[in-house]
Every structure is written in C-alpha cells, then in structure tokens.
Amino acid sequence: AGRGEKEADSTAPVLGLSVSTLNNMFFVTLRDGAQEAARELGVQLLVVDSQDDPTREASNIQDLLQRGVSALLINPTDSDAIAPSVHRANQSGVPVFTIDRGAHGGTVVSHIASDNVAGGSLAAEYLLQKIGGTGEIAELQGIPGTSAARDRGAGFNSVVSGSAHVRLVAAQTANFNRTEGLDVFQNILQAQTNLKGVFAHNDEMILGAIQAAEAAGRARDMIFVGFDAVEDALTAVADGKLHATVAQKPAEMGRLGVITALNYLAGKPVESSIPVDLQLVTAENVDHF
Amino acid sequence: MGIDSTHRRFSWKGALARHSSALIFLFLFACFSLLSGRFLRIGNVVNILEQSSLLAVVAIGITFPIITGGIDLSVGSLVALCGALAAGLVTGHAVPVPLAIAMVLALGALLGGINGFIIVAGRFQPFVVTLATMAITRGATLVYTQGRPISGIPASFTFLGDRVAGVPVSLLILLIILILFQGLLRFTPFGAHLYALGGNEETARLAGISVHWIKIGAYSISGGMAALGGIILTARLWSAQPQAAVGLELQTIAAAVLGGVSLAGGSGGLAGTLLGALLMGTLANGLNLLGISSYLQQVIIGAIFIAAVMLDLWTKEMHGESSQGALS
Amino acid sequence: MNFVLQAQGITKSFPGVQALKNVSFSVSPGSVHALVGENGAGKSTLMKIISGALASDEGTLFIDGEERILKNPREAQDLGIAMIHQELTILPLRSVAENIFLGREPRKAGGILLDYAALHTRATDLLNQIHVSVDPSRPAGTLSIAQQQMVEVAKALSLRARVIIMDEPTSSLTSRETSTLFQIIGELQKCGIALIYISHRLEEIFSIADTITILRDGQTVHSAPTADLTPDSVVRYMVGRELKEVFPQGKDSRGDTILRAEHLSGQRFTDVSFSLRSGEILGVAGLVGAGRSEVARALMGLDPLQGGTLLFQGEQIVPRSVRAMMRHGFAFLPEDRKAEGLFLNMSVRDNLAISMLDRVFPFGIIRPRLLLRLIRDYFHRLNIKTPSPLQRIKNLSGGNQQKVIIARCLSLKPRVLILDEPTRGIDIGAKSEIYTIAQDLAAQGVAIIMISSELPEILGISDRILVMREGKSVAILNQGEATQDLIMHKAAGGTSWE
Amino acid sequence: MKSSFKNHRQGHHFGLLCAVLFLAALLSLLSPQFLTTRNILNLLLQSSVNALLAAGMTLVIITGGIDLSVGSILGLTAVVTARILQSPIPVPGAILGGLALGAGLGIANGLVVIKGKIPPFIATLGMMTLSRGLALSLSGGRPVTGLPREFLLLASSSVLGIPTPLWIVAAVYLAGTFLLARTNLGRYIYAVGNNMKASRYAGCPVPTTIITAYTLSGMLAALAGMVLVARLDSAQPVMGAGYELNAIAAVVVGGAALSGGAGNLGGTLLGAIMMAMITNAINILNISPFYAQILQGVLILAALFVHSAGKSPSRSCITRHYGPGRGQKFQGGEEV
C-alpha cells in the first residue's frame, strides 16, 4: 500500500493544490507557504505541477478530483483556460479557491491574490516619479500570452500612457527569464542611448537587465523596477542595485489559501476575495522583507 | 524453387514483438492498481482515456509522416494556431460552429500540405522544414492572438470537450478518427503506397506511385489532425491559448515510437500509436495518483521511455531473427 | 523488320559526365537483345531512359513505331515496358503479392478500396506461371535473392509487358538459379516478349542472346546478331583493345600453412574446416546462401564464432573484432560494395586511407602530405583512375571504386586477405586487373581467400577450391581436379532446385 | 589544411558569409547602433552559449545522430556546478566536476545509442526529460546563488578587450576544426556518418567514435552552462530549456546535413551568429517580439534553399538506428 491509501483511512480533509509551474521560484515559494500551513494544521496537501501547460493542468486537476480531495487550491496557468476545470470541480461538489491568478468562469469560493494590474501601476508610478516625470523608459515583458505579463503590462502602460513627457521607447519580451533579460536589455541599451528607467514584469528579467547595464557602464544612470521580491531581488535592493520591486508575498498567498480552504470546510464564513497586499520594496523598507 | 515457405502464421515471439508496448502498458496498469486504490476505477480509466485523447489524435496524425520516414515538428504550433483560429472564428466573426470547424480542419490540412510540399519540392529534410514551420506557426499564433487568450467560446463548441452520458466527446472523436484512418491505411491504395514509400522511396517511384502526392497527403493528415487537436483543446479549455501545446510535438513522436512505429519509416500502425499515447497518459495519471513530485515524475518518465523503446527493439529483434531462422 | 521498341539518338549527361552520346537501339518482339559494355559505359542509364525512370536530354523513342515521350515509369509500364533494376527494388516488409502489384493493386468499390482477395489470387497465378512456389502473403524480405529476382519477373509479367529489361539479373545468382531464369526467359520469348539483357558474363550472353549491342563510353560501338560475334570480338569492342589473358598464370608461390580452421561454426554455418598457406589463393565456391560470406564475416570478427578452433601461425586466436583481426594481419573486401565498402560522399583519399590511419598516425594526428604520398603509391600500383585524390568516390566507375577498396585492404599490409565476390558487377577489363593484383599479392606471400559465385574465375585463379553447401564445407579440390561440373555437383548436393 | 570536405563545401561557406554580411549591412542601414564595436561584441557574446552547444551538436550530427538533451544537460550541470561552487571545493575543481558530469551524461547518451541500439532522437529525448527532472529535483526548483567572485570572471573578464566567453568559443571552434580536419577521430566521425556499416567493415572504432561525439556534446553543454551561470551569477534549474532546437537550427543554417557525413564547424559558427543577429535586430529596432519566431523560421527555410543546390538528402539522422542490422530493414534477404 502506497501513499495513495493513507488519505482513505484518515478523516482529516485532503487538499489539492495545482500550481502553474514549479520551474519558477515564485511558485515554488507559493507551494512552500501552502505546504507549511498544511503541516502546521495537520492536513494532507497534494501538489500537482502544470508546467505552464493548460492541457496538463486540466488533466492534473482531474486526477486530483479522482483522488477525492476535499477542496481544490488552484494557481491557474491562465484565467480563461482554467474555467472548465473549475466547472468540473463545481460539478463534483469540490470547493475551489484560486491563488495568484483568477478564473474567468465557474464558481470560486474565494480568490486569494494580489492584483497584478495594480502592481503594474504601482511600479509605473514609482518609476515615473523617480525619473522626474520625463524621459525615455523601457519595458521587459513576460512570456507573451501569460496573464501575469498581460496584467502587469496593462497596469504599467495605463499609467505610462497617461503621462505626456514619458516615452516608452522599447517594449520587448524576455520570457520571465534572466538570461534573456540580460541579452535583450543589452540590445535595447545599444539602440536606446537616453534610457532613464526600465520596468520588468518579474525580478528575474530585471536582474539580467541590471547585469547588462552594469556591463555597459550605464547602471548608474537608470532606475530599475522589478516584480515579485524574490530573494535575489531583495539582496539587490539592499545593495542599491535594484531600486524597487513589487512584493507579492507568494508564501503568504499559499498559506492563506490553505487556511481559507480549511475554514470553509469547517463551515466558517470566508471572504470571496482575499487580497494579499502588494508592497513596493525599496531601500527604505527592504529590511522588513 | 526449393526454398519454400515455412512461413509461420503465429508465434509467441512475434506476438510479443508486435505488442511489447501492450505488455509494458499492462505492467504499469497492474503496478498502479496495486499501489493506488483509486487507480483502477471506471471513473479514473475514463479520465485516462479523456486525458490521452488529445495526444492520441495528434499522434495518429503524425504517424503518417513518420511512416513515410519523415517527421513533423510543427504539430504543437499548429494545434495552437488552429485552436486560436477556431476560437477567433466562432467568437469574433460569429461563424457557425460546424463551418468554423470545417474551415479550421481544412486550413490545418493545407498548412500540413505546405510542409509536405516544401519537403518534396526542395527535397529537404522533414525535420528541418518542420522545425522552421514550427517556429513560424507559433509566431503566427502570437501575432493573430496578440498574445492574449481568446475566450467566450459558445457551448455548441465547448461540448466537444465535454462528456455525453459520462463518455468524453473527445474520446468518441478519437475512436472515429482511429477507425477512419485505420481503414485508410489498411484498405486503400493510399495506405499501401504510404508503406511502400516508407519502405523504399525509389522502389515506390519506379512502381509508378506518385510519391510526392502521397507525402503531401501524409503531411496534410498530420496538419489536419493537429487542427482537430487544436479544436478539441479549445473546447476543453473553453478558450484558446497562444502558448498552448508547446512541446506537444515531442510527446506525440514519443507516443508513436512507444507504440512501435519505426522512425525509419515503412512500419508501424495506428493501434500502436494509440497504445503509446495511452501509455503516456497512464504514466502521468498513475504518478499523479501516487503523489510523486513533478520533478521526479520527469526523471521516471525519461527512464521508462528509454527502457520501453529498448524492450520494443529487442523483442522485435528476437522476432526478426526467428523469422530469418525459419528460412534456413 | 518490325521493332517493338526503337531508340534513336539518345543523349544524356549528368553533371560532369556524358553518360550517353547519340545512342540508337532497337528490339524486335520475341528476341533477346543483350547489352554489354564496361562499367560506366552507360547501359543502365540507357535502360532507365527507355523505361521512363530517367529523361533523356535528346533523342526519340518509338514504341510500336509510334513516337513517345515517357514522363515516368508508369507511362512506360502502360506501354508495355518493364524494367528489373540492377539494384533490386523489393520492399522487404511488404508481402510478395503487394510487391508484385505495387502501384497497380487490384481495387474494388469503385477504386477506393484494395481488393486483397484478387491481389492474392492473381499473384498466385503469376507465380505459378513462372514455376515459383512461394506464399504470396509472405513478407518479401524473407525470400532469397533468387526468389526475389523471380518476384521481379512476376512483377514484369503482371504488367503484361512486351519488353522486359533485365539489368544484371544474375549478378547475385548462382549458375543453378541462373539456368532457372534462362528457362523462364525462353518461355517468355515464346510468348513474343522481347528481352533486353544486361550482363558482364559473356558466356551467359552467348547462350541466350539473339543480338548483342556493345556500348563504350556512352556510344554504340557495335551491334550485330550473336552468330556474327565471338566472345573475343565482343571484349575487343568493349575495351577498345586486345585483351590477351583474363586469368594471368601465376607461379605456385605457396609457403607454409598460416591459417587453419577446424570445425568452425557460427551464424548460419557449422563444421567448416580448411587450411590456408601463405602465398596461396583459396577459392570458395557454393550456391548463394551456402554461408560463405558468413564464414568470412566470422573470420573477421564481424559475427561471433560459436564453435571450433582457429589457428593463426600455429596459435589459437578468437576473432573478437575487426580491428583486432586487422592487427593480426587480416583484411577483408566485403561483397556489397555500396552498402559495406564505400563512403560515397567522401573523397577517394579518405576512402582509401580510412583503415590505415591508426597505423600510420599512431598519435591520432594526420599529416596530410605524408598521407597523400602513401596514397599515390596505391594509385600507381593498382592503376586507379581518378582525376584527383580529393574527388568524391561516388563519381568513380564501379571498377575503380572496387580497386580503391582493395587498396584499402592492401594498406593494412595483410598476411591474410579475404575477398568476397571481388569482381561482382565489374567489367572484364577491371576484372582481369583484379586477378593480376591477387596473383601478385600471392606471389608476395599473402594468403588469399576468394569467395566467388563465378565458377570460371574460381577455376581460373585458385590454387585450391573449398566448396560449401548449406553452411558446411563439403570438399576441398585441387586445381588440377576441379571442373565446373564437379564443383556444382558438390555445391548443390542432393538439393533440388525445381 | 586541405581536406576533402572543405573542398566541396567552400561554396556554402562563402554563401553563408555573404548572407551574414548582407544581413549586417541591412541592419546597419536600418539602425546606426548596429555596427558598433560594442554591439558586435554583445551580439557575439549572446551567440556564445548557442555556439558552444551547436559545436557539440555539429559533431553528433556529422556522425548521423542528434542530441536533444543538450539544453537539459546544460541545466543539470549548471545546478550541480553551482552547488559545488557553494562548497569549499576550489573553483577549478567545480569546473572540472561540471565538465565531468556533462561528459558522463554524454557517455550515457552514446552508450544508449550504440549499445542499446536506440535511435539517437529517442535516446536523447529520454535523456532530455530525465536530466531536466534531476536538475529540478536537485535544486528544488530554486536558483542556486552566491557564487564565488573568481568563478564569475569566466564571463565578466576580458582579455585584450575581448570578453573571455568569446575566447572560449574561439578555442572550442579551433580545436573542433582541427579535430575534424586533421585527426583520425575526425575522419572516423565523417566515416561513421557516411556509412556506418562500411565503417565497421573498414575497422573504424565505431562505438568509440560515436560515444566520443556525444561525450564532447555533453561536455560542451556543461561548458556552455558554466558560461551562462557566470554571466548570470546564478544557476537556475530551467536553464537551457529549448536550447537544443536553437543549436540544431544553427547547425542546419550552417549547412550540415541531418543525414550525417557532412558539415563543419565554420558553418555552424556563422549559423549561430545569424540566429543571434535576428534577436539583436528585433530588440534594437523594437519590432514586436511576436515576429521573432517567424523570422527565425524563415531564416532556417532560407538557409535550406541556399544550401540545397546540388544536394539530395534522403533520410535523416532521426530515422537512423545504430548497431548491426537491428531495427533495420533487410533487403535482398540480407540485412542492409
């Protein structure tokens, strides 16, 4: 008898967590937060990894339902693509909680997330303020087609386009990836000689960009803003290399997910939207992270 | 001529050689059933079938170019493009669903045919040509969707990803496809000529077979099935994703190879491919039910894949030797 | 005179080669028209043009007196011209029946579906017609070469061909199988079918052909009824000069026994015993499938030996790998030049040098000048004709390719040289050069094992002849006592070929 | 250095060089920023990882094989090397350890291909999944950071004004070219790719040759991984995902035939540079990144047409089975 048998004879609820990808530090931290909470509360948490593939995600969630989870925590690969899976969970009477990204369909008990659009705006506002409301800036975009890239870009651009003296001269994708952040920003630097700042849809890319700017001797002339507040980024903020990053608190999201689900299963009332506040991490407040 | 046929109609070794993937399949099935109480349930078996059906449909398509001795790397991108176009047609342009499906299937077949055309016209390596069109098609998908998913698919479309009386519609589609193409392979001149071409292109040409058209046909089928895969996927996800099916091409090739389809061309069939796809689906499902970490799953799948192909080749070799021995 | 087929002024060039220059050629019904010429004379090219597999640059074809332009083999087939290609075109995994009717399978349901029942019965009928008893549902790859050849004949018949072209059909058949084929050719002739027959074996040509056309360097040099020609005159036309002796008479140079095989067994052979002396040429005769190549492969470490002992210079050795055997002083010329011998896309230099690299450059680093010097020596010794050592070997004629591979063997400075069908598909001029090379080597003390299906050459060149039958050594004959009949008797034994 | 393949392939090189120069000229017309020393150095630097992978891939492809596992081997060796770097083991030890691991994985590939008789496409596809899973397992999905400064010099230092990675690439390509043109092993690599069976009959050390090619490919993947780690100051388990296709594309653009037996490193280097130029151009001209893949695909197709003159490829490496007669079709009753 393998692990599969255990859940059957215990009466404690079993939670299922579907993560969009465990190839990314951010979600690994999210899972860790959830696992920690589950351990503390003495419930079993089954984790599946969609590897950023909505098809695999649908199958994985089906498998979780098959294993008879009492509640589903879903960190979707995409808000649209997750709808049918949520629907299927609804049909089998399993409550669904979404984390980090929402679902555009089906019934979700509560959504635990920070608002990526708001985060994008937050970053833009900081960036514009630091460059004095005028000048040329660049944007490093995430994997085309992912909701994080879309939402952060939307928030960012809504602020930038509202400002008459700031020009977004380069918007290129670096696929949430540090290597590409380095290479792509190297090329952008080549073309844009008056850049005053850059926003990247995640920290990986901004860290690559900083390396490119340092190599070109232009890091001092520029403001860098990232997203996620991963460990490396916090160090960079503390070192004064990175000016700001938008903290998303992934571990907190994971933890809240588990707690909310258990509360709901225990019959306690839960909020339908549980915001995890976004915070701008700068040199001033980095010590608190 | 004295050396006569002591040709045997049945041999255990032969049966084993033809169905070694079936054995592995049964073995895995038994293991998972023992290890997880939830594996061997009707519901889960239906799940596996449903989960494998997309892979199986596309893999059945790709089997055709592989039988010619070629390969099609563009299917993953084609799934995404065709899925997006289908979604775009039924939402943005309000095209009736059956018409949209027909249009997308035709387009997939056309794009596949273009692959085939480039391959035969330039006498290029299929691997390289489809590597190029894989990139181009993915780029086209991004341009068409502008990197955004397309949602708001009507129920008349999404029912293709649903279940009817507990039976997944995609599974029904798969069965129809299987029967249709199995018939095409076994009972029509096209099928016979496809195998001939895969066995020896020059021989086929000298026998007056229009090898170019057959190749183009094979790639069209591959493209058409990728389009069907895209349709099923869009229906299953209620939306079309620009980054859908990344890497699916390698999975489909793996499924075909697991099913005993030789990359050298000229042999293999759809039943094998189906079995290969089911094997992969079962593996993913079983490992999930056992709660194996996704990282470890990749290690296990990689190892089982190599071992299974080795077993397949070895049993085939045994079979091959026994048939040669029958002569002397 | 009425001709079923006439070709006029056919010209064809390939990049860098003029394969055919203004060749004319005609065939009358019910006749056997032989086409001979040295390697690369253009025989296959001419036939491919006639059968629609290649397009000519210039020239016209008349079929039944009507001018025709053939765009593909199919059109030729529809007009009754079928070709059995030099390289067999069997699909090994498909059934015999499917092979016979490939591209023209009987259909039903308005042409949409294959009619397997009809396929099967029609194939059976055809095979019976040529007295071949194989199960038409059997995969063609499991047939012997001879049987496959018959499948090709059945294929030609199924086309209701009125002209059947056979390009070196006997190059891999033994005399028994060849005579079966000739019987069938005779029957076909009676039905009014014309045959175009290409072969390098003159005795065959003289026994079946009505007319002989001789090509040289892409041109017709002579065409006449067989009765007006003699083998000598044909050879003269072919090579453009007098060829005195095909088999040079070497002196007996035999020394001590160098190799002794006792009761060897391996894949597809058992209980093979023989001995070999330095400076000796041991011919190995047998029917195709007798296991001669297998013995050679086992001696070279290509296949495992499963039993028996092998004594080399009195010491027991076990052939573990080709490289190990090469270090012992063995060299091997494989029977299938294209598949086992040549690196088609590599230069003549690299093809020749490949086996000696490790010996000449023990540190693994090539010294190009030295290499070139070593190679030129072989070009000279074996009279290899190539524009440059850097020429790709695929552009050389078959005979010269073969000599390059022989040079490769010689580059190993062998003490034992195994030649498996060294003259297959090679013209008479090159053949005689190869015999001379073998004699010279023997005179220098090299022990030679020569496997051949051509009895005249076995008889002409061997000091002793080992005869194999069904995987066993059945006799060893001395030069004086061996005759074609005796060898055939030993080789065929009691097996019936009818 | 006269060698047969050079003789026959000079034309291709020339065409490719012209194409690179033409593209460069076009880009410098479109953007004044293109033709600056800095940008050219950047561009070369950006192509360096792909160039290293493609060098190994070229060797494997000439033997008639293919190596889909290079991207994953890169990721796994990067993680392992970084882990060793975090330990007290000195930097050279870590580098050697990483290279040894890459070589070991390459040997495993070679063994599965030649002893297990599995087509290279399949063998290395399995290895690709397997080693990616190992990289993720070992790192727990997290980046490995905090690497010693000396190690970072591998990427950040420069000699004579030229970044160290470019020297590494230059050294690899020179050594590789020498290997192919002037050594016994080089001849064997071409021979095996040309005709596997004839190579055995001619006494070439076939298993050694094939295993060596995969080993070098694995080692170069490890080297590429180290350059990448040094550039980024961290190792990530997903590093190198998808790089195998870029490397294959560079080799193909460089003119090697996937059917084996032909190709050389000069072409591959130009191919890698051309691929990097596309990304560079898109970034500099701020073209929508959606078009990047389309341009790359078009480049590959264009390269095919350029190289096609006078060639008639038949079967590719992926269709090839190694080993005596196994999985091969028999013809004329004998295995071919």
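For this structure, a couple of remarks:
Labels A, B, C and D are assigned to the chains in the order they are written; within every chain, residues are numbered from 1.
Here, a residue touches a chain if its C-beta (ideal position, glycine included) is under 8 Å from a C-beta of that chain, and two chains touch if they have at least 3 such contacts.
Composition by chain, UniProt nomenclature: B, D = Ribose ABC transporter permease; C = D-ribose transporter ATP-binding protein.
No experiment lies behind these values; they were computed from the predicted model shown.
Averaging Cα atoms per chain gives one point for each, and the point farthest from that of subunit D is the centre of C.
For the pairs C-D and A-D, the count of C-beta pairs in contact is higher at C-D.
Spacing of subunit A relative to subunit C, judged by their CA centroids, is 70 angstrom. Centre-to-centre, using mean CA coordinates, subunit C is 42 Å away from subunit D.
With centres taken as mean Cα positions, subunit D sits 34 Å from subunit A.
Between subunit B and subunit D the centroid-to-centroid distance comes to 29 Å (mean Cα coordinates, whole Å). Within subunit C, the positions touching two or more other chains are listed as 90, 92-93, 142-144, 289.
Along subunit A, residues 22, 144 each make contact with two or more other chains.
Residue positions of subunit D touching 2 or more other chains: 136, 141, 290, 329-331, 333. Pairwise chain contacts in this structure: A-B, A-D, B-C, B-D, C-D. Note for the complex: subunit A touches subunit B at residues 1-5, 8, 22, 46-49, 51-56, 58-60, 62-64, 66-68, 78, 80-81, 83-84, 104-105, 143-146, 149-150. Taken together, the subunit D residues at the contact with subunit B in this complex read 68, 112, 116-119, 121-123, 125-134, 136-137, 141, 245, 248-249, 252, 257-259, 288, 290-301, 304-305, 308, 311-321, 326-331, 333. Every residue of subunit D that touches subunit A in the complex is listed here, in rising order: 31, 33-34, 36, 38-39, 42, 45-46, 49, 136, 140-143, 145, 156, 228, 231-234, 236-239, 241, 279-280, 282-286, 289-290.
On subunit C, the positions that touch subunit B within their shared complex are 53, 72-74, 77, 83, 85, 89-94, 98, 102-105, 107, 111-114, 131-135, 137-139, 142-144, 146-147, 150, 180, 268, 289, 471, 495-498. Here subunit B touches subunit A in the complex through residues 35-39, 41, 43-44, 47, 50-51, 54, 142, 145, 147-151, 158, 161, 233, 236-239, 241-248, 281, 284-285, 288-291, 293-295, going by the rule given at the top.
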